[in-house]
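Please find one structure pasted underneath; my questions will follow.
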Amino acid sequence: MSEHNIVSPKIYITIFAALMVCTFLTVEAAKVDLNHYFPGLNIIVALVIATFKASLVVLFFMHGKYSPKRTQLVIICSVFWLAIMLFMTMSDYISRPWS
Amino acid sequence: MHRTGELFGQFETMEQQRESASFGMWVFLSTEVLFFGGMFMTYTLNRSTYPDVFGEASRSINLTLGAVNTVVLIASSLTMAMSVWASQVGKKQLLTIFLIATLILGSVFLGIKGIEYHEKFVEHHVPGLNFSFEPGASVATNAHAQLFFSLYFAMTGLHALHMIVGAGLLIWLIRQSMRGRFTPEYSTPVDLIGLYWHFVDIVWIFLFPLLYLIDRH
Amino acid sequence: MPLYPEQASNFAPSVDALMVYITAVCLFFAVAITVAVIYFFFKYRRKSASEIGVPIHGDMRLEVTWLVVPALLALTMFAGGAVVYVDFRRSPMDTLDIYVIGKQWMWKAQQPTGLKEINELHVPVGRNVKLIMASEDVIHNFSVPDFRVKMDVMPGHYNTMWFRPTKPGRYHFFCSQYCGTNHALMGGWVTVMKVADYQAWLSGSSSADMNPVVAGEKLFAEKACNTCHLPDGKGRAPSLNGLYEGRVLLADGSTITADDAYIRESILAPAAKVVAGYQPVMPSFQGQLTEEQILALTAYIKSLQSQPVPASGAGVAPAGKK
Amino acid sequence: MSSTPSTTPGNQLPREHYLNATYGIRSWLLTTDHKRIALLYLASVTFFFFIGGAFATMIRIHLLTPSGYLVTPETYNKLFTMHGVAMIFFFLIPSIPAVLGNFLIPLMIGAKDLAFPKINLLSWYIYLVGGSFVLYSFSTGGLDTGWTFYTPLSSVYSNSAVTPAVIGVFINGFSSILTGLNFIVTIHTMRAPGMTWFRLPLFVWAHYATSIIFILGTPVIAITLLLAGLERMFHLGFFNPVLGGDPILFQHLFWFYSHPAVYIMILPAMGVISEIIPTFARKPIFGYTFIAGSSIAIAVIGFFVWAHHMFLTGQSAYAALTFSLLSYLVAIPSAVKVFNWTSTLFKGSISYDTPMLYALGFIGLFLVGGLTGLFLACLGLDIHIHDTYFVVAHFHYIMVGGAVMGYVGGLHFWWPKITGRLYPEFLARIAAVTLFIGFNLTFFPQFILGYLGMPRRYHSYPPEFQVFNVMSTAGASILALGYLLPMIYLVWSMRYGQVAGRNPWPATGLEWQTDSPPLTENFDVTPEVTWEAYDFENRPDLGLDVKGAPTLAPAHGDD
């Protein structure tokens, strides 16, 4: 947050452009039947693009890239805990038909 | 945070105070991730249980408005990031301009959201208010579509609530900024509210494909 | 004063064995630590007001020991429990199937013959009994302490559990999942009878209830199921002859066994698993049938198991083809 | 105590301290001093403890007879629900963190206050607002869903005042979150010079671990209860199977927080015990890094075990196996703590002061509570004892035997710091022993009841269970006395207790280096830490006989 964290407007605008391209891509990708090639590919593509966009925002707009280690730890933890909740819960539902 | 750059009693140095504030905001945002996370979990399970009805219901919401809103919100994130930069380099007028731009873009987002909600209201797609999905839809389809719209309103509603809080914070920031309170040495409120605003943007980055873009082919 | 309930099912000895094993291990540690604490407490009590203890900071070997030894012991407990649990969750093939429905605040059971009981359950000794359970309202739990078994009874889907009674007698069963005002009164008795007595009881009990197969057949017509599901396979929907317990080929290429859960799902959410070669035209009956009506329909479909399967238009996949 | 020297001459309180710095009701209600906020919390959690305690008393009296004539089934269901909600959300969860943690963390790390004093005060007000909603629910129709709020019972079928209760618990969640946030930031950024991570008192480590759960668990229950509340208000279907929802999902989300919430209650108590034992054994704690690490391990692994509450819901058998195995994993760090505490006693200089009695009582009760967790984590055994009194006994051993014993023990230990005065030692020892006996008599019979098959939450029960219920009720009356006694003498001692001085025990922590009660700013000058935690040997300033030890065998345990 102090002087050495200043990110130049050029980077901001580049990131913004990238985000716009990604938004366009995700809309177009949804209009194509990707599930035809691989079941669930549509949602996978949508989530990969969304995660990429979110990472750009965290790393550059929010200065995550330039933050102290403890801040980066907090970012990692929140994603990790979200993953625990999603994966451990879904593991129950997904494995039910196996028996 | 009413007086410019005051050192609060519990801190030893300004540096410590700045770092604590910023770190505190990050910790708060990690709480928010899990807060929205509970809804994402509910969404994930229900979508995997009723993929077809969710697709059908998703196609009934307005993609154009959703996409425009995505652009608007990301643009507001850009102007917010620019405000942080302006405050760091001490361009006080530019700071005010960028903050106002952010507020305007945020309000446009909320306005468009309002139009969408109105559309849904007209179509009887608001759960709890004589919901009916499509004429002739079976009881089950109706119930499952209602699940989709319950989640749609819960998730976008909570998101919009965060936007409204953010807009309130921005108004406060703009007033402070117009009084020239922020300097390169003291820009903590701009930084913190910036972090919050970007977080709200990130939530939308996930909401958009999950709610608007199911099986659009 | 008894410290454990009667052992009246196949699970009772194994559950009690787990109890004894874990108690023994835990007792060992509890006693060891308690003795150590009390011993140190007296042995090293403060002798003078300003005395300090010996500055010992730790010992790596000890730390590793008490990380590893409890972990290994815990693994054995896990393994023992897993064996019993997997056995409990996987019911054998040759079961006597009894339907159980929980509703605030009573239990209804239905014998394979269609005989219905309320807050009573009669089972023959030595037979594997499977309970297929659903709730009409909130979550209940069917629990028989003397058998060491219990299972939640959920609204919206079937849970099953099985046991083999080993001793004739009358045993309490309870609702173990809190379900509202009269939760504590939602219980009854399981009567375990000798096989001959059970048969006599079944045939001797003059039940005014309609046979579920008959009731199911009537519903089948009332709900107009029979307009599409023609027995000869020429309708808009597959024939149900020979369906029960058969393999069904689905539209997405997978196959599934047509058990109770599948039949239930197909009635309530027909679009979820559509038979290959058919359109998803069947309406859902969610909210239009009670659990008992679903059971009656299932019973009727079961009764068609022995009916001739038409050459084409059958729900069940042709033999030999996977 | 009489047996220990006082480092502060004279028998008068310091002239100026946080209690007399300012006067008037406003100076309390608008305070940002962490010590005063701790006292505000102390008063409010005590209030909820007595509400919850009153419900518990009625429950135990009602269960004296099998048919239970005291109250109607409906009222009984409300009693145990309101007992659970008041005790868990409004007493146990805030008790140690918001009272002792709030008071001590800045003192222990050498800071003037928490990082965000205003947010600290805000969290207390949020607690009050949440508490008011819940009290409103209690007094207008009550609540009969069980503290677990299982759907669809809570969202569709219950006729009681569920909505205000859910809103209250939802709001109260933010109080926990803000407390946790404050602790984490404070511990990261406010440590005094020289106070490195591995010089932190273990109490601080325990609160750091607890705060992780506050931050990452609490929001999940907040949103889950919000969804359940919306479901009830607008007849939505998130968790209602009739409308396509899944009640098991509610349980997943509920336990994702509520299982780690058990660690919110027990971890801070473990922190208290880790302070008391080295102080009264006058030696460094055995295996500092292992105790610190096990706190973090419990907090993290605690998030991987929640579905062991759901083995019999019809969840997948594979998931059940996974969650059972992981549940055994979380037992290991708890075991490590017990072994290390016990080893700390070895070759100590042990005194019988009241906090030590609580600490030793804690070890015994936590041992029973923790070990019976192994029974419940065992899949095969859980089939039989799930949802019986065995579970009730188990979690009371953890929550009351563990968390409450830790809390009361901690209150005694730091009472001289909080008030500047000592409590009457003799009465305190009697109370500690009474609590220990009363507690065991109340809850041990419930293990047997559970194995015999008595389901929990029953307002009436078959007569064969009566003997153990009578024993339990008898124990509960002793327990109630055990709680009333400290209430009385602690209040008495605030005015008439003997003046304690800075460091009456003496203990090594920074909090004992300042006045009792401390100044509003905690320290005259920011302290600088040059010693390791619990290092009596190198602390001549404590006035102890540091050369008294060498006659005994030196270093490293050889047992």
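Letters are used for the chains, namely A, B, C and D, taken in the order the chains are written, and counting of residues starts over at 1 for each.
Methods note: contacts are C-beta pairs under 8 Å (C-beta built on N, C-alpha and C of every residue); 3 or more make two chains touch, one makes a residue touch a chain.
Only a predicted model underlies this, so the values are computations on that prediction, with no experimental measurement involved.
Chemist: Spelling it out: a chain qualifies if it touches chain A and also touches chain D; which chains qualify?
Modeler: Shared contacts of chain A and chain D: B.
Chemist: Report the most central chain, judged by the distance from each chain's C-alpha mean to the global C-alpha mean.
Modeler: D
Chemist: Which whole number of Å gives the spacing of the CA centres of chain B and chain D?
Modeler: Chain centres of chain B and chain D, defined by C-alpha means, are spaced 36 Å apart.
Chemist: On a C-alpha centroid basis, what's the spacing between chain B and chain C, in Å?
Modeler: Distance between chain centres, rounded to whole Å: 45 Å.
Chemist: Could you put a whole-Å number on the gap between the CA centroids of chain A and chain C?
Modeler: Chain centres of chain A and chain C, defined by C-alpha means, are spaced 41 Å apart.
Chemist: What is the distance in Å between the mean C-alpha positions of chain A and chain B?
Modeler: Comparing mean C-alpha positions, chain B is 16 Å from chain A.
Chemist: Name the residues of chain A that each touch 2 or more other chains.
Modeler: Answer for chain A, listing residues that touch two or more other chains: 70, 77-78, 81, 85, 89, 93, 99.
Chemist: In chain B, what residues contact two or more other chains?
Modeler: Residues 19, 23, 27, 30, 34, 37-38, 41, 45, 140, 143 of chain B touch two or more partner chains.
Chemist: Would you please write down the residue numbers of chain D that are in contact with two or more other chains?
Modeler: Within chain D, the residues that touch at least two other chains are 188, 216, 220, 242, 244, 246, 248-249, 252-253, 317.
Chemist: Drawing the touching chains as a network, do you get a line, a ring, a star, a complete graph or other?
Modeler: other
Chemist: In the complex of these two chains, what residues of chain A are touching chain D?
Modeler: Touch list, chain A to chain D: 70, 77-78, 81, 84-85, 88-89, 91-96, 98-99.
Chemist: So in the complex, which bits of chain D are touching chain A?
Modeler: It is residues 188, 212, 216, 220, 248-249, 252-253, 256, 303-304, 306-307, 315-319, 322 of chain D that touch chain A.
Chemist: Please give the residue numbers of chain C that touch chain B in the complex, ascending.
Modeler: Result: residues 268-269, 271, 283-284, 286-288 of chain C touch chain B.
Chemist: Looking at the complex, which residues from chain B come into contact with chain C?
Modeler: 52, 138-141, 143
Chemist: Touching residues of chain C toward chain D in the complex: what are they?
Modeler: Where chain C meets chain D, its residues are 1-5, 11, 14-15, 18-19, 22-23, 25-26, 29-30, 33-34, 36-37, 40-41, 44-59, 62-63, 66-67, 70-71, 74-75, 77-78, 80-86, 88-90, 104, 137-139, 141, 143, 145-146, 148-152, 154-157, 159, 172, 174-185, 286-287.
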